[in-house]
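Multiple structures follow.
Below are two complexes that have subunit A in common, paired first with subunit B and then with subunit C.
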Partner chain A sequence: MSNKLYAPIILLLVLTFLIGPFIIIIAASLSAGETLSFPPQGLSLRWVIKVFEVESFRASFGVSMFLAIGGTIFALILGIPASYALSRYKVPGAETIRTIVSSPIIVPGIIVGLALLRYFVVPFNFGILFALFLAHTALILPYAVRVVSASLTNLRSDIEEAAVLLGCSRVGAFFRVVMPNIRGGILAAFILGFVTSFNQVPVSLFLSGPGVRTLPIDMLSYMEITYDPSVAALSALLAFMSLGIVFLAERFLGFSRYV
Partner chain B sequence: MSDSRFLCLEKMTLSYGKNVAVPDMDLDIGKGELVALLGPSGCGKTTTMRAIAGLMEPASGKIVLDGTDITRVPANKRPVGLVFQSYALFPHLNVYENVAFGLKLMGVKGSELDKRVIDGLKTVGLSQYATRKPAELSGGQQQRVSLARSMVMEPKVLLLDEPLSNLDARLRLEMRTELQRVQKESGVTMIFVTHDQVEALAMADRIIVMLDGHIEQIGTPEDIYNHPVSDFVADFVGFENVFERVGNTIKTANGDVAIAGDIDDATKGLAWRPSMVTLGDGPFEGTVRGTSFAGGTREYLLDTPLGQIKAECDASLPAHDFGAVLKFDLPVHKAAQLARTGSL
Partner chain C sequence: MFQNRAEAFALVLPAAIFAGAIFLVPVLILLSEGFRSADSWTIQAYIDFFSQSLNQAVFLRTLKLAAMVTAASAVIGYAAAFAIVNLPPKGKGRVTGLIVLPLMISPVARTYAWIVILGRTGIVNQALVAVGLSDEPIRFLFTETAVFIGLLQLFLPLMIISLISALENMPRDAVPAARVLGANWLQVFTKVILPLTKEGLVIGGTLVFTGSMTAYITPAILGGSKVLMLETLLYQRVTMANDFVSASVIALILIVMAFAANLLLKRLATARNKR
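Our next item is the complex of A and B:
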């Protein structure tokens, strides 16, 4: 057989594996039946509506949003100055610092979670939400530093000196000419951080506790007890939310340039 | 304060950590002058320029501008403009906003702001490009925007870092004329840094030749071109045959060689341009090791008992072949008599 015939078949298989689960989830969430099943038994929106009625989903969605948005903002507040220092000044051991900052990506989440629990949360008696917040910030920080560093590297540093000579203070130059030019990178880092935090399971699993859990953890425990299609409906809603964010980011920022 | 001491560097020392880049520099620049800081890379010319701009603080000494000591005045408060070699335009702002940047910080607003920005753009011939982003402009246009951005601030001194080095040959000539015109029209004191002697000779009222952090010679283009004071300056402006002189001899690789003619007692060296070497007649002999045709002239590289000699003669004369033995002379009356040697 020729390549001309292979290529479309391979493409079709890849797309099936990528999009297939998504279609199954959407279909399952529209089922009228009592249990999670595919193909769906009849069509209905009852499980989509149910998602919004489950109290624990509402609470854990709030926690997840707080961690994703708050954690990302905090990681950027730490990460932007760090990236700036690493790219503009001769920092001793810059490479080591970069490696350490990236380590939460490399080390498996389950180990990070256990380590945080055993050596920080328990000895220092952190509150659950505070511990989750710190853990998520740490997990997002590598993305913040990486993406922001990349945009800073592409930005010439002499424009800051030019701004100073035109009357800006050093700090003013940062806000007037550096920030506007790395805005795209910062937003890309925000989206990556948000998605990373929102989808986080292993670390959150260790640090969640009574009354405070993130949405993915809540979904796991919900499924252990009830096997109705509302989890599928919630998954589908979350997938659409992510799609929407990425679509807007691409539309207005050319998100794919940064990732 | 007189006009000839508009900008004064007094015993200014610049250093990077423990490395002294420019020791004890003294320099006076007059009001409205167009001055070139000329020298090879690493001679301290850019460092000196950055110190005048305030981007670098002198380790000691003073910088006085228009009667005011500005040594400790921060860069953003100095009435000094700088056009960067890379132009350093703000990529997120359009041409108009780039030029308006400094004026806005100064608190200029409304129609006054508009007028000054438009005037600035008109001066450099870019009024129709006001809404373009820097990335949409050619190198020459970016250079003009950068010039306008500094000029609208009405600085007392305008510094330019290698203003022509990123432009192609044709634009370079155009920009050279442009810079001279802007300088003469505005009367601003302009100092530009360059490693290109042709650029310095063509544009400047006065040239400051720098080497290893000190000033080697200051003079008009004619002075520098015709009367270099040291072997370094001589070599830099095209005296390619440079010798140390002792009494009536010049030192060569093969021992001292007697030379006839009147030489000042103070002269430490003699230098000849290739065109000053008499070819075809004279007390010395050399073998042709290379020739090249340069339009109006033909250049020869000769192997001689004095070492290698570069000579040049009219291209209409018959060409000498590789390996030919030619007589030549180094006429003392044509030579540049150097007051210092040893810097090469």
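Our next item is the complex of A and C:
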């Protein structure tokens, strides 16, 4: 087999299959025509501008941002101490705790959303937004614990023992010695949590009510009504947002080291 | 290692209680609904569920599509991973980056692109009509083919990454050695590459299989109500008929599948560490 030709052809085909659709979606979103089409009928930014004018997109973008940022912060507040305990202490039943904390990643999101709706929102009159917040936090928690644990494992534990021996309190040693050293891992966990939460659909599927729904859910229901190119434009914008975040993260902290 | 138990619990309990209360307990209650009848426990719901031909069809279709996507991604994955591993280091990093890139983008956006491509006025149909292969647009959307293509695009990167790391861990001269000893490429693949990269294949395959089994967005957008899969069926049962018993049955099927796959992964990971 001629190896020289084989590799470029295979890679060209695979990359076209994986990335080509985005190029098409970007082109389609720049169309001047009324309907979704490729090649675009004339060029214009009208559909990109339309995205910012649709009221429900603005509202659901706000909800998604709140969940992605707030949920990730809350997941880190719960996850950092847990990861610290799991890596530095002999915790009885550590394996069980690890399984419980990481189970939201294994169980399909649609089931989590349905269970929360049925046993929290309906009987206890929880607000939808509050339930969404809890669900997204639970979903991000496994990522937070995994990434932060990895950074803690790479950090030698004798430096904080040294700090304690030198008279620093345990809490002081954590904030002054451990935290600065795992900052990169925490930031990486934040970005991973943000992207995961922002793109999440199944968990939020059942948890949507009047005025409260996440952006991807809003896009899904918008698509059922109309096939105009604004969803393509929004998809392209979101893709650029995710890529921008990942690019900056990679550039400034070598994101891929942590994930 | 610190030994203080009280401290350890104080640090770890908030996360564990949160995950348990928000997640574990509600899901367990939901699962128990599938086994409840008026006054006792029963598996009647499961018998009823599988006695309906629609449910059987959806269950089998989900398994079939997941298996097909896994098989296709394994074949393409080996071809791609093999090409990537043999690239010079700089090119390798860049191409791997491009392969991983789509994973960061919203699955809704990724799936939506296929509507533009496969729709009635999409490029595939335009090309078919222009070339004269077909007189009128062919229906691709809302067929199993469309769902298959969408799922393959969604999960192929996971398989490629798993196979890249498996191929990189393979002894470097294994393939040249087999060639020198007279093996043809088919023999090299089945006798050398496959056994040495089996774990990577299983890891990638499990990720792709469970991902496809539990996919919602792709069958919802590209399959609609014509090509239901387990998750879209669950959604439909709940929103259209308030049928929480069927939902519970489907939930258990999905969870069992997901946990079985996860267990398999874990076992393989520990087997590898021991060596």
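Heads up, the rule we're going with is that the second predicted complex is superposed on the first by the 257 of 259 C-alpha atoms of A that agree within 3 Å, B and C clash if a C-alpha of one lies under 4 Å from a C-alpha of the other, contacts with A are read in each partner's own complex, and residues count from 1 in each chain.
The rule is simple: a residue touches a chain if its C-beta (ideal position, glycine included) is under 8 Å from a C-beta of that chain, and two chains touch if they have at least 3 such contacts.
Bear in mind the structure is a predicted one, so any value in this text is a computation, not a measurement.
In the three-chain model built by superposing on subunit A, subunit B fits alongside subunit C with no clash. By the document's definition of touching, of the two partners only subunit C reaches A:104; subunit B does not.
In the overlay built on the shared chain, the residue A:202 is in contact with subunit C alone; subunit B does not reach it.
Touch criterion met: A:242 reaches subunit C, while subunit B stays clear of it. A count of residues in subunit A touched by subunit B and by subunit C gives the higher number to C.
Judged by the touch definition given at the top, the superposed model places A:177 against subunit B, while subunit C stays out of reach.
Contacts of A:163 after superposition: subunit B is touched, whereas subunit C is not reached.
Closest contact between subunit B and subunit C, by C-alpha atoms in the overlaid model: 9 Å. Subunit A has no residue lying at the interface with subunit B in one structure and with subunit C in the other.
Note for the complex: subunit A touches subunit C at residues 1, 3, 6-8, 10-11, 14-15, 17-19, 21-22, 24-25, 28, 35-39, 78-79, 81-82, 84-86, 88-92, 97, 100-101, 103-104, 106-112, 114-116, 118-120, 134-135, 137-138, 141, 145, 157, 170, 195, 198-199, 201-202, 205-206, 216, 219-220, 223, 227, 231-232, 234-236, 238-239, 242-243, 246. Put simply, subunit C touches subunit A in their complex at residues 1-5, 7-9, 11-12, 14-16, 18-20, 22-27, 29-30, 76, 79-80, 83-84, 86-87, 95, 98-99, 101-102, 104-110, 112-117, 119, 121-123, 153, 156-157, 160, 185, 214, 216-217, 220-221, 231, 234-235, 238, 244, 247, 251, 254-255, 258-259, 262. Taken together, the subunit A residues at the contact with subunit B in this complex read 155-156, 158-159, 161-169, 177, 180-181. Interface residues of subunit B, counted against subunit A in their complex, comprise 53-55, 75-78, 80-82, 84, 86, 88-92, 101-102, 105-106, 149-150, 153.
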